[in-house]
Amino acid sequence: MQASLSSWRDGFLAVRNNKSFEMLVIAIILISALVIGATTYDIDSRWLQAIQVLDHAITIFFLIEIAIRMAAEKHILDFFKQGWNVFDFLIVTVSLVPIDDTDMVLLARLLRIFRVLRLISIVPELRVLMDALLKAIPRMGYVLVLMFIIFYIYGAMGSFLFESINPVLWGDVSISMLTLFRVSTFEDWTDVMYETMAVYPMSWTFYLTFIFLTTFVFMNMMIGIILEVMQAEHEKMSREEGTGEAGEVHWIKEHTREMEARLTRIETMLEQITKPK
Amino acid sequence: MQASLSSWRDGFLAVRNNKSFEMLVIAIILISALVIGATTYDIDSRWLQAIQVLDHAITIFFLIEIAIRMAAEKHILDFFKQGWNVFDFLIVTVSLVPIDDTDMVLLARLLRIFRVLRLISIVPELRVLMDALLKAIPRMGYVLVLMFIIFYIYGAMGSFLFESINPVLWGDVSISMLTLFRVSTFEDWTDVMYETMAVYPMSWTFYLTFIFLTTFVFMNMMIGIILEVMQAEHEKMSREEGTGEAGEVHWIKEHTREMEARLTRIETMLEQITKPK
Amino acid sequence: MQASLSSWRDGFLAVRNNKSFEMLVIAIILISALVIGATTYDIDSRWLQAIQVLDHAITIFFLIEIAIRMAAEKHILDFFKQGWNVFDFLIVTVSLVPIDDTDMVLLARLLRIFRVLRLISIVPELRVLMDALLKAIPRMGYVLVLMFIIFYIYGAMGSFLFESINPVLWGDVSISMLTLFRVSTFEDWTDVMYETMAVYPMSWTFYLTFIFLTTFVFMNMMIGIILEVMQAEHEKMSREEGTGEAGEVHWIKEHTREMEARLTRIETMLEQITKPK
Amino acid sequence: MQASLSSWRDGFLAVRNNKSFEMLVIAIILISALVIGATTYDIDSRWLQAIQVLDHAITIFFLIEIAIRMAAEKHILDFFKQGWNVFDFLIVTVSLVPIDDTDMVLLARLLRIFRVLRLISIVPELRVLMDALLKAIPRMGYVLVLMFIIFYIYGAMGSFLFESINPVLWGDVSISMLTLFRVSTFEDWTDVMYETMAVYPMSWTFYLTFIFLTTFVFMNMMIGIILEVMQAEHEKMSREEGTGEAGEVHWIKEHTREMEARLTRIETMLEQITKPK
């Protein structure tokens, strides 16, 4: 009994690690993505029915795939120890919401879109890339806090000063911050500025200082990240090269020390030979 | 008497350096920011009164906090020797302007916004970040002067040539420079260009040379800063590594020199042994 | 017979490698480019006829040039072993489509434009630059896949949610992706946003998360490329410097090892001399 | 006579190298810039007259300054051997065009603007910065040629395909290239695209490939420049450090070689001592 269970697990493991199985999963994910895309077009009801059948088939396939991968683990709960597995499980279960139900059809469709994200968890190169991206987030943290402070101060100022001019753009601090984000992307920002300059002719200082501050902080953030990444690379390299040049130099130093000691002994012995004579 | 004063100071010092006290100050700053933000929304008078009471409480808290930090110093004037303390003191005193006074209500509100900036002076990580940003300013200095010269020349030229076409955009040299800043952010710059091209068909050269010049100078500024930061990092590293590889190489050189001298002596002694025989 | 064929080939080879011939080809390419440009202007029929004659002359010249370069090879098929030769051959043959034929006049003209590209294959510096650019494409591959996934998910979501608001912008997933590309270039993106915010007030989160994601991934892509290029340069340098410092250190290590062995032998011999006495 | 001339020259040299004199020239240049700027404002005729008097004074001052700097040279023609001197001379002589003449008043004013550029030639830091910028131009050369080829091909294609749709934007190859430059700055580029997509629904490929190509080439250009600058810095550093670590390693290698030779001799001698016994 125990043995047969174990052999079953080995079978599932073999399936999971099979390259063709991986390819099949990638293919099904791509088909699933195309099906989702297809539903955004105006298609006649016959095709729509075919798509719904296909959608059921895909949902079942994903469930079986997840089940196989769970069964391949020693304990089912081990499956949830890896972040990407939890990610896959959530996406698959969440898209179990039936698409036929007219009330939830929009939600069901939206949740099905996220199946495309499984491409990231299944293709190793994309997973590596994503891990690298996630690692870059903390080092942006405090700069984003600083950016938020700048936006908040200018947003509150803008709301106090310009609300009477255009409540649509400067109604309250959150709307003002959205307007400021628009200004920071240079999107028709002069329209915003000219409007307030009609009332406060000096208000261009508000916009120009804001643009300079955000651009300046953003540029420094970019440089900071580049530097941090480069330092990390440099450290990694020097650690790897430890067995290289730096390691060899250290070896030479240690051995030079020993050679000196030996030479001192040799000289002493020679002096004993020459002197007594 | 002297002793009791000193023990009082120690008490204040303990409060100032207490982690919970720091957390409390950060919390009050955040509440103060939220209160300021809240006043930008349309809220009924009851809430407004509550906010005013809260504002008074915050003002008093900040005064006490500054007083504690002053009292924690040996001499009160020592407090002002640190730039960030002066910064805090100014923000707190300046927001003493009463918000009830209808004449100065706008000013009082604007000044209260800057309390958010205290977040920078109180969170060490943000203070470090800010110091780094301030250090980057001087190295941008001369490039900004160069940029200003380009803007001034094109601004004056634009004003001479295009004032009759559109005085709103090219009325005088300062308005022209604002228009050119707009062009440099690519904000509806073709509208500006097509308008003048209707009169001077060759005026696209004016805009294109301006865009090339400013982009070119800006790009070089960025690269210059990246390089300078990298050089500074490199120097810091090599100084730290002085005890590392480079230091070891130097040690080996010195000891090789000594070993050579010793070998020369050994050879001479051996020659004395072999020859006379 | 064989000899005369070989001497003919040497002649063609001499022509092909001749600097003046290269200059002539460059000149003809430039003239060809100017001729193509000239046809976009409204020119009277007399000039047009002259241009058509010139076009025939250029076509014949290019055919002769390609023939010479083919004849300069040992086997004609060797010519096609170099990518740039195939590129040249395609451009020349494809522009054989007669320009007089009224049906295909547009196609014939469009194909003639690509003759300008021959400038890249003939000027060595441009060819080197182009090779470097082509090398950079694979390292962008997976980031572009990631970018496409982001665009696809947001495109499908946008199409589901906003199609009823504006079918011109969000009609289906491909139109939505074009609209999102527009948003990512900040081109009147607030117009798109304000339109959907009138129905879904929270839809600004859709745009802001999209902008943050694409900007963030793009920035990381840029940094990744810079790093990869730098690493490649670093490796190239260290390989070249192998004969430099690192090589010398290795040499010293090997010889220090030998010196130690020799010193051990010397000490043993000396001990034999001193002890038995 | 000769001596007095020489002492005169020494006097002029002393004036030229005097720090206060330099400050005076900078002040006059700034005043000259302000005067030019002032004329762009609507000012009443009394001020205008004052400005004209001031303009004459400035012109005369600049003439005297140039004369002093010429007289400070051994031979007047030596003055023209330095690029920045020629630059100064041209700016000063060219702004001799009288501003009173109503025919040439615009030209006279435009030429006077360039006096601001003298700030670059007189402030050493700006001159250094400018020299660095000029040095960066050649390394951009071939990338700009490549960029121009892309613009030319797309410009000609755009003109052939879209001229009938909108001759204002796609009339001929030069107008098309201006439109494409607009597209590359993302300035209302979707308006241009939607217009042509109404006729050719697939024309978005034209714009997207163009944007990808230009962005890609531009990015590579930036990275190329950064790399080149960094390599130059690296070489400079390693050259300076030649006397540092790398130099010491070389020294050790040479001396290790000598030590080995010496040890071989010592061993041979010792063998002669031990064996015959």
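Chains: A, B, C and D, in written order; residue numbering restarts at 1 for each.
The criterion applied here is as follows: a contact is a pair of C-beta atoms (placed from the backbone, for glycine too) under 8 Å apart; a residue touches a chain by one contact, two chains touch by 3 or more.
Source: prediction; values computed, not measured.
Peer 1: Measuring between mean CA coordinates, which chain is farthest from chain A?
Peer 2: Most distant chain from chain A: D.
Peer 1: Can we say the copies chain C and chain D touch using the same residue numbers, with more than half in common, or are the two sides different?
Peer 2: Different, since under half the interface numbering is common to both chains.
Peer 1: Quote the value, from 0 to 180 degrees and to the nearest 5, of the angle by which the CA atoms of chain A must be rotated to coincide with those of chain C.
Peer 2: With C-alpha atoms aligned, the rotation comes to 90 degrees.
Peer 1: CA centre of chain A versus CA centre of chain B: separation in Å?
Peer 2: 28
Peer 1: CA centre of chain B versus CA centre of chain C: separation in Å?
Peer 2: The answer is 40 Å.
Peer 1: Got the chain B residues that touch at least 2 other chains?
Peer 2: If we look for residues of chain B contacting two or more partner chains, we find 186, 188, 226, 230, 245, 249, 252, 256, 259, 263, 266, 270, 273.
Peer 1: What chain pairs are in touch here?
Peer 2: Inter-chain contacts occur between A-B, A-C, B-D, C-D.
Peer 1: For the complex, which residues does chain C have touching chain A?
Peer 2: Its residues touching chain A are 142-143, 145-146, 149, 152-153, 155-157, 159-161, 163, 171-174, 176, 186, 188-190, 204, 208, 211, 216-217, 219-220, 223-224, 226-227, 230-231, 234, 245-246, 249-250, 252-253, 256-257, 259-260, 263-264, 266-267, 270-271, 273-274.
Peer 1: Which of the residues in chain A come into contact with chain C in the complex?
Peer 2: 33, 36-37, 40-42, 106, 109-110, 113-114, 116-117, 119-120, 123, 125-126, 129-130, 132-133, 136, 178, 181-182, 185-188, 222, 225-226, 229-230, 233, 237, 244-245, 248-249, 251-252, 255-256, 258-259, 262-263, 265-266, 269-270, 272-273
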